[in-house]
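Same chain, two partners: chain A is paired with chain B first, then with chain C.
For the complex of A and B:
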């Protein structure tokens, strides 16, 4: 009864293609596709929707060959990153559109539309024209239109990316609510995003996609705690995880001229050379720490991102408060080495704070 | 900006406008109030021409009703066929460019020449149409039967001007946003419903424009009738412009022809405005 895809391949351009993607989506669950731009997120969603026909591979849903079913019979709903609505219809008619296609009676349509208007917080707007709404409201309309169908598969293709910061936070909260309360247990929700925080916050099953390949599948927590390799670590962290080429000394870890004590969970590493990975948030300001020079300081929201250099070392750290730094300022930092990761020379995860030793 | 400069730049356009539009209209009004002939000049006779037109000339009104029928029928057919063809080559099909050009050819040929060719086609004893119809043992009088002659005029007009409609509608289709179609497919609209609920409403503004332009053009129909039937048999294909032409340039009743022209102009302005309003009401909801 699951939505099962096997070896789906589709070639749009050289950069943008799906390479033998397989998945198994269960009903009643939320899936997040995490990947950078051009990783094939939209292409994958469009393939599931039926807007694109894969070059090879198979897809089954409810014991039917899904690829043989034309788009309009698939009973799916989709929200795009552009706010797609019907420009010639008003808000009510927009949301009622999918129900009208099913030929429901007017009273039922009315009820359903007002229910979903309430869910997205657009009561009182039903007579408005689409062009009179703000971007966020337009996106709410298309979300309402996708929810009203009670579709078995709900696809959300970066629905929050074109919204401003505040609205994005707010709508993301609402999405979480909707996913928990507003959906039937029969639906599969697939949400794609480039933002690791979004993926973590939605707390569903995460599929990490890169260059049209599935890199890792797992619960959000698992992806965060144990990224399979350097690529996953880069995609699932924002700012990306700092990766430093390191040597394992007798009881120290060395990179460039810095030496730090080996934390417990890295003590079982066997290879002398490895990649030392540490999140920007796991580097703290400390007066007894190592001196770095500020290359760039940016304030994002309520935190400060510092790009630091020391010789050939380049790292990014994030500080949980707004601080004013000038370029070339000297700062002293300390690595929280008990939160560090080790990746072997080819890039696979060797050890993490949550899974010690040689894996 | 110096005040006078404005007029210097405005003058060339204004001059042309006055010369080709405003002066003729004023002249026609003046002419319609006179009986103009070679020895009297513009002798003022008041509303006599108009009184004659409204009380004593059923032929004008018959030709006007005929014209309304012909132009509404031809434009409707052109719209339906033009939309179908445009919709066909709008989608990705084989030889798309070839078809797009092919459908435009009738419009690019000279109307009078093409009408002569059509007249030859439909010739009762020598034309290839009846030659082919011989198989079924029929020989319709394409040009000499009053009803059939009207149909022949409609066929030729539709053939000649559907490409124009096709061109406007294709341009309209190509300028439509793609997104609503993606949404409609996802929302469970079959191809036919997609056309009814998305394509057609989105095309409404362009459709109204195209229909009005073609109605204006179709109301001027003259060359087709002139070459094909000369208004005959009898007066069964005679249209307003053709009748005005006969009165003015064959019988040289210039004053009377002018009064008909002016009446015709007023009726056309009013009726096209009404048609535009009605179409807008019907096709666009606000």
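For the complex of A and C:
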């Protein structure tokens, strides 16, 4: 009954790249595909939708060969990154379109459309033209159109990325509610995003995709706590996790001229040379810390991102308040080493604060 | 600076308007003149410079037996040929253009762009090059001097215009709209006529306008491919020019021949300012 894909591949071209992707999506669950641009997220979603035909591999759903079913018979819904609606129809007609296509009677269509208008908070807008709506409202219409069908598979391809910051936060919150309340337990929801925060907040099963390969699959918490390797650590953190080449001394961790105590969870580390990973948020300002020079300071929302250097070391730290720094300012920082990660020379996770010793 | 600019702007607009409108006014006054008023020196204003009469217009609807020239039949022939050929060209051209815009065709080295270019190349060739093959072809299938033969030739001439305009237009309609239609349960044909076509009306109108104009004003092929049975308006008007040129009825017929294009221009202008695609994608 699950949606199962096996070894889905495309011959590599500029836009299409999937390399032997396999998955098993269960009904009633939310999946988040996390990956950078051009990692193959859209290709994967379009393959599931049936808009693209893979060069090899298989896909089954409800005991049928899904690849043989044409798009218009797959009973799926998709929301695009761009706000795609039918410009010649008004809001009501847009949302009613898939139901009319199914040949439902008018009364039923009416009920369903108003139900989903309510769900996305667009009551009273049904007579408006699409062109008269703001970007966020247009995206709500396309979300409503995809919800109204009660599709068995709901695909959302970076639906929030073209919205402004505030709206994105708000819609993300609403999406969570919609996924919880508005969908039947029979639906599979697949949501793709480049934003790690979005993936964590939606709190579904996360699939980390990079260059057409699946790097790691797991619950959002698991991906956050135990990124499998350096690549996952980079993709699932924004700003990317700081990675420093480090040596393990007798009772100190050394990088460049800095020495810090070995935290408990890293004490069993066997590798002498390893990659010391620490999140930007796990570096704090501390008057007794190591001195770094400010290379760049950016304020984003309520936090300040500092790009710091010391000799050959370059790190990024985020501070949970808005502070004014000038370039070349000296700051003193401390690493919260009990929250540090260790990756071995090839980049695989060796130790994490959530799982001591060798993983 | 601002004032000078405004002055120059209106000055040139005025000059251009006079340049464009004057010939029509000239034709209009001439159509109400008789032999003496035309040949007796320059005259402009009716009732003051000359005594207007309707003879120039009357002969247009009189049969030759009554001494008229009867442009009514050629007029309707022209309307029929132009409209039929334009309609068929738009339908076929739009379908081909959609296919060329959305699907990939490949036959050896020939690809989509080459096919599109082949259509346009029919218009790039000088008409005289096409005239002999057309003549021989219509002769072989016994369609010379017939309305149907003319329609066939006009379709060949007009369809490239439709293809060319519509390919360009469809390329600008986001593919995601078709895809969404497919996802919403349309098969590819339904996606085309339920979603893509209603959003392509401005393009269809522009293409239709060009087809009608090029079909309506064609003299060359109508002249070569018809003899006595069938006559189109442009040929008939030129044929008025006999030993004594009847300037008055020539002017009148020229004016009625322009009328449909003026109507088309007004409709198109109304529609183009309304139609746009904004909101399809952002």
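Operating definition for what follows: the second predicted complex is superposed on the first by the 354 of 359 C-alpha atoms of A that agree within 3 Å, B and C clash if a C-alpha of one lies under 4 Å from a C-alpha of the other, contacts with A are read in each partner's own complex, and residues count from 1 in each chain.
Criterion: a contact is a pair of C-beta atoms (placed from the backbone, for glycine too) under 8 Å apart; a residue touches a chain by one contact, two chains touch by 3 or more.
In this text, all values refer to a predicted model and were calculated from it rather than measured experimentally.
With chain A as the common reference, chain B cannot sit beside chain C without a clash.
Shared-chain residue A:219: touches no atom of chain B or chain C. Chain A is touched at more residues by one of its partners, and among chain B and chain C that partner is C. Of the two partner chains placed by the overlay, only chain C lies in contact with A:130; chain B stays clear of it.
In the superposition on chain A, A:285 makes contact with neither chain B nor chain C.
Looking at the shared chain after the overlay, A:323 reaches neither chain B nor chain C.
In the superposition on chain A, contact of A:101 is made with both chain B and chain C. By the touch criterion stated above, A:138 is placed in contact with chain C alone, chain B being left untouched. According to the touch criterion, the shared surface of chain A, contacted by chain B in one complex and chain C in the other, consists of residues 49-51, 71-73, 76-78, 80, 82, 84-88, 97-98, 101-102, 129, 142, 145, 149.
Interface of chain A with chain B (complex): residues 49-51, 71-73, 75-78, 80, 82, 84-89, 97-98, 100-102, 129, 142, 145, 149. Listing the residues of chain C that touch chain A in their complex gives 174, 176-177, 179-187, 190, 195, 198-199, 277-282. Interface residues of chain B facing chain A in the complex, by the touch rule stated above, are 177, 179-180, 182-191, 193-194, 197-198, 201-202, 204, 286. Listing the residues of chain A that touch chain C in their complex gives 46, 49-51, 70-74, 76-78, 80, 82-88, 97-98, 101-102, 129-131, 133, 135, 138, 142, 145, 149, 162.
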